[in-house]
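Input: a single structure, listed below in structure tokens.
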């Protein structure tokens, strides 16, 4: 269902490699199954022809990979960026995390990516083959002979359902048509939770976070989490990583993680996408974004390079921490 | 098991220039407040990392209060403005997770406000005592 | 792990009264790292300090915990003790078991339990302390004095006398301040102008001193030894270096109906003016709110009569940047507004005046040329009532009066009363007082002379109501000794208005990051031992900006401030505070979050080469803290996402160890 | 605009003028005074003792009725104004007092001083505006030198009344200016006339009243206006030799509705 | 004579803290009924503070205070002497049979202009 085709991307990659603009291409490659697409550095046309993929499962946000891929790389890397990826791209530039000169960014349109969990929920486990058929997916499992037809829009990632922007905020070159910033309903679910009683909220999060297995996938996928040394890996930080022993652990971990990226999170949704336990982690990030918007004025991390994040900024008449609650009581 | 009223454990982070001095002034003026309040001196309220607050809760604190200079009076010009934003965001998040909002507080206490310091602590201890034990954010392994 | 010695102070009975010090030192013995624990009556005494030194030697201590009064009181003392004993002074931690324990808790069991916990927290912290060495920074050998009254003048003269250049910034067109408005000075009754104006001339002629009059400080950056100050020179529309102060322009100026602020509005001046004859600098200033030429381009008379060609209607405000090693605040005071005290009818009758107005009325250079005349009709007053403590010692309502004693009123009122009786013996003079406060050399003798020799009628009581009726002021007052209510028909009522810090003080304090009390007086670094220093290093206090003061006191404080400044400027290098931030470059992301929150610009970035485990190298942007500029607030440590930024003396693991010890 | 109105005992009796002119004038200014139903006397003076409860209940009832109608409460008489405002202040700030009162009057919910209380003069200043009042004047009282007599109750205690500067008030002076006359400032305008003590010590009331009138005249007054029936009584009884009138009468005259009321 | 019990009671009832007084005498300076009073406002404050209350209870001064609040308004320390006078007066008239004024007294007081307010106020002040 993507409007841009794999061939168009391949052609672009080939020509940029050929004319020497770039020496490598950061792209998606096939995994074991049709849905587990992984990032890969391609340096030859042959490799691209064989392993490059572009389909409805290419959700991974490449921006983060630029940090580790560029630091000792001589030459330029071509990266394909979906609109949401470009926000992370800018945010990382704001934080000086990679050298812009080493990257050739090609913006590509995106029609939304598929949530594998939702797909599995629709078809059952044991997916052996997935084919695209217009706006539908034809999914074959090892248990059924006939492929099931699943409409893409029924299995979209949450972040794509509530897509905040089809517009690219950074690129060297754009393929396909430019989209618009979308007035999405992404804060609705946060608002619903806010409207609960404290006990209900506690129960909600107890239920969600108790599933956490501390696999760190959320952190590892997060484009804001690019620290040279993560606090959870640092024995001196006082919050070093350990397997969760009780429900407190997950809360502690997720509050700290969300707080660490507060004001810097672009709401790309990678954390929820990669969570094997389907914890709606994006809600924590969106809570911070929503609060920041309400307390200090609209702010979209990554919308422009060099902007000052709200938590490293202030005005003399900011609201008091105690007023945070009055404010909600008033709204209610 | 005793059925005594729960004695809360309160950690108070006080900036060296205003609030810690305010606490000293409360002492100088012999203004009582409960011994449940234990003060940790920090150079500025902006030194207080949310991790410290969570750590205190993890270890069994029932309430955490951060005291700094009044906005506009920070010894370091702007430190408490950052504190204000950081804590507003953090407290809102804790509330979002269903943690009792009454367990956290930020209060601006100047070096001249010994009486305010004592009154604030009395009030906060009362407020936290009313909530009972902190169960929602504690790590049971850290209990004695 | 350190080898920690614990020393529990009794502070006489201050601590020992509510804390079982023996139990505390016993309990702390078994804490990790503790190898010695004792208690003593006064740890801060020489004997107490010797005890620490001996213990260090005997037990080979590497860390010291003193459970005593607030670290704000004696941390420095015990650091010195540690240094004398041969260990790093920053290996000392204080558990505040007095101000924050024994003094606020009444029950011994509770106090003891809390003292032990506070001791444990200090031990947990000291175990993670590391020896710290202060950095050094250079000193700009130039001082800035803000305010050109007697305080600023004296400070500037003393600093210049020691050979250092000084700049004075004064908002008025001339230096001189309040003292220039006074008539005589107590208790010697010498004329204020006679003793002040020579000093003003000294300032003008001193090559080391520059005067920025009609100017204000608009920005202050930097830190002790290295302040970076922007001074805004307001346009006075007269070229200062050309104007000779001849006064021809003042004479010719057709706009003569501008209330004269120097005489507190009791007469008028022209739009172009020189505040008074002995003004320094003696140059004219055009009041842009009154001058027709500046308002609508019609006139230009002064430019035509000025033979020197000093008038410049196009002059603009000018900004000057200068570096200073030290800053002295000498912003002075003003009488409070009498608007809220209209039971004394200040707004209803011209013949109810403040004491400062009375000074101008009796001053030979004042609006009446020194003849005591009633402002309403120019008649000589036959009965004068002085009212003391108007707005002072008033805590009923903060927006009305001041809680403090204004200190100078008793003496100047005695002076006014005495001088009136001296010059006009047939005048009846009443002084209503609550207390007469005269604690100064020759002060009480002076007051007694007013009563005994000059026959001033001092009445213990207060005026309750002044009713202007016809040409009289009907004063209703109490005489508490006679237990009577008095009704006096007075001709003049003089109010001893409370004094308050100048309004410019608070914004200045913000720029300086210097602290103030609730009354907007600047706070001293220590009320007894460091009375002329602000807690902000390199900022000194002179005169009434720190609290109400008379002239002798102001001058002595001005000299003291000057000597502190000289002591600072005499140094070539300053030893800094080692409790500053530092970045662990291995963990630093170079993300600039810390730089954004640093109020001092102490953080810069550099590209640094790192050797990787695979023997390749990589270049990364990392933060570097300038320890001379860093003030140690810690804002950066929390802004840093990776935790690379930490603070000496208040490291994250130290604070968490304290949290753990308290919560355990 | 509609406001609740508490007339008080004297206005229904000896000071009918004060009341009638207040109604008529308010109508002209677009404000309808709705009299509190079954109002009871405010008590004339506020008892400052914390344990005096019953004597303040009538004020609370009036305040509650206005609150129920979501209206402000307006009074004309200085004494009613003083008592009701002080009572309302106690309901707001003295928890022991408000708890006790609410227990007494427990039938429906608590009252904690929510009602806004205005003196008629405050209503003119804050709800109507002296500028607008000036526009409505049809018979300007030009050239008249009028002394405003505040007395003690209108302004004090200022922390509770919050009406004007207690020592240098302007509200009545501005009122006089709005009517086109010239206000006379005199110091005795906020001193007591002698009040209720005139029942016991007529000589004290006489001394105080005379001092007020003498001071006003000495400063050039041709007429004194007041908001308080007791002030008017004491001043007139003790021989005021210039007219002493209620401010509402002057208002009605300036607004051209005085004749109507005499019918 | 030192009546501590009554002292406490008066302080509680009036809400006045006589310790705040700095003995400036402004209350007595501003009092319009001063000359009629045997004990003056500042004396009420100091006598209550020292527990010397009996003379006040017996004094005519209780009935001379105009409740004009001038002393309350002008006290620099916020002492509020009139509230103390009121508290002492209530202690006196709340006793059985100590009403200062009764209905029988009214006709003698009336003239044709007497406002109700005068009688109501006087009753409030003089009777319980």
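Each chain carries a letter (A, B, C, D and E) given by its place in the written order, and its residues are counted from 1.
Criterion: contacts are C-beta pairs under 8 Å (C-beta built on N, C-alpha and C of every residue); 3 or more make two chains touch, one makes a residue touch a chain.
Just so it is clear, the structure is predicted and the values come from calculations on it, not from any experiment.
Asks: Hey, what chains does subunit A share as contacts with subunit E?
Replies: Intersection of subunit A and subunit E contact lists gives C.
Asks: Compute the centre of every chain as the mean of its C-alpha atoms, then state which one is farthest from the centre of subunit C.
Replies: With centres defined by C-alpha atoms, farthest from subunit C sits A.
Asks: Starting from the Cα centroid of subunit D, hunt down the chain whose centroid lies farthest away.
Replies: Centre of mass proxy via C-alpha means gives A as farthest from subunit D.
Asks: Write down the chain pair with more C-beta contact pairs when A-B is set against A-C.
Replies: Looking at A-B and A-C side by side, A-B shows more C-beta contacts.
Asks: So what's the Cα centroid distance for subunit B and subunit E, whole Å?
Replies: Centres of subunit B and subunit E (C-alpha means) sit 47 Å apart.
Asks: Centre to centre, by mean C-alpha position, how many angstrom separate subunit D and subunit E?
Replies: It comes to 24 Å between the two C-alpha centres.
Asks: Approximately how many whole Å separate the CA-defined centres of subunit C and subunit E?
Replies: The computed centroid separation for subunit C versus subunit E comes out at 46 Å.
Asks: At least two partner chains per residue is the criterion; list those residues in subunit E.
Replies: Correct list: 70.
Asks: Where does subunit A touch two or more other chains at once, residue-wise?
Replies: Correct list: 231, 237-238, 311-313.
Asks: Where does subunit D touch two or more other chains at once, residue-wise?
Replies: Within subunit D, residues 167, 191 contact more than one other chain.
Asks: Each pair of chains that touch: what are they?
Replies: Contact pairs between chains: A-B, A-C, B-C, C-D, C-E, D-E.
Asks: Spell out the residues on subunit C that touch subunit A in their complex, using ranges where they run on.
Replies: Subunit C residues touching subunit A: 586-593, 596-597, 605, 612, 616, 618, 620-621, 639, 641-644, 652-653, 656.
Asks: Please name which positions on subunit E make contact with subunit C in the complex.
Replies: Residues of subunit E touching subunit C: 20, 22-31, 34-35, 40, 42-43, 70, 74-78.
Asks: Touching subunit E in the complex: which residues of subunit D?
Replies: Interface residues on the subunit D side: 8-10, 13-15, 41, 43-45, 47-52, 55, 77, 79, 152-153, 155-158, 166-167, 191-192, 194-201, 204, 208, 228-230, 232-233, 236-237.
Asks: Which stretch or stretches of subunit C touch subunit B in the complex?
Replies: 70-73, 96, 98-101, 103-106, 110-111, 113-114, 117-118, 121, 510, 513, 515-518, 523, 535-536, 579, 597, 599, 631-635, 637-639, 647, 650, 652, 655-656, 658-660, 662-664
Asks: Quick one: which bits of subunit B touch subunit A in the complex? Just the residue numbers, please.
Replies: Contact set of subunit B toward subunit A: 50-51, 54-55, 58, 71-72, 78, 81-82, 84-101, 104-106, 136-141.
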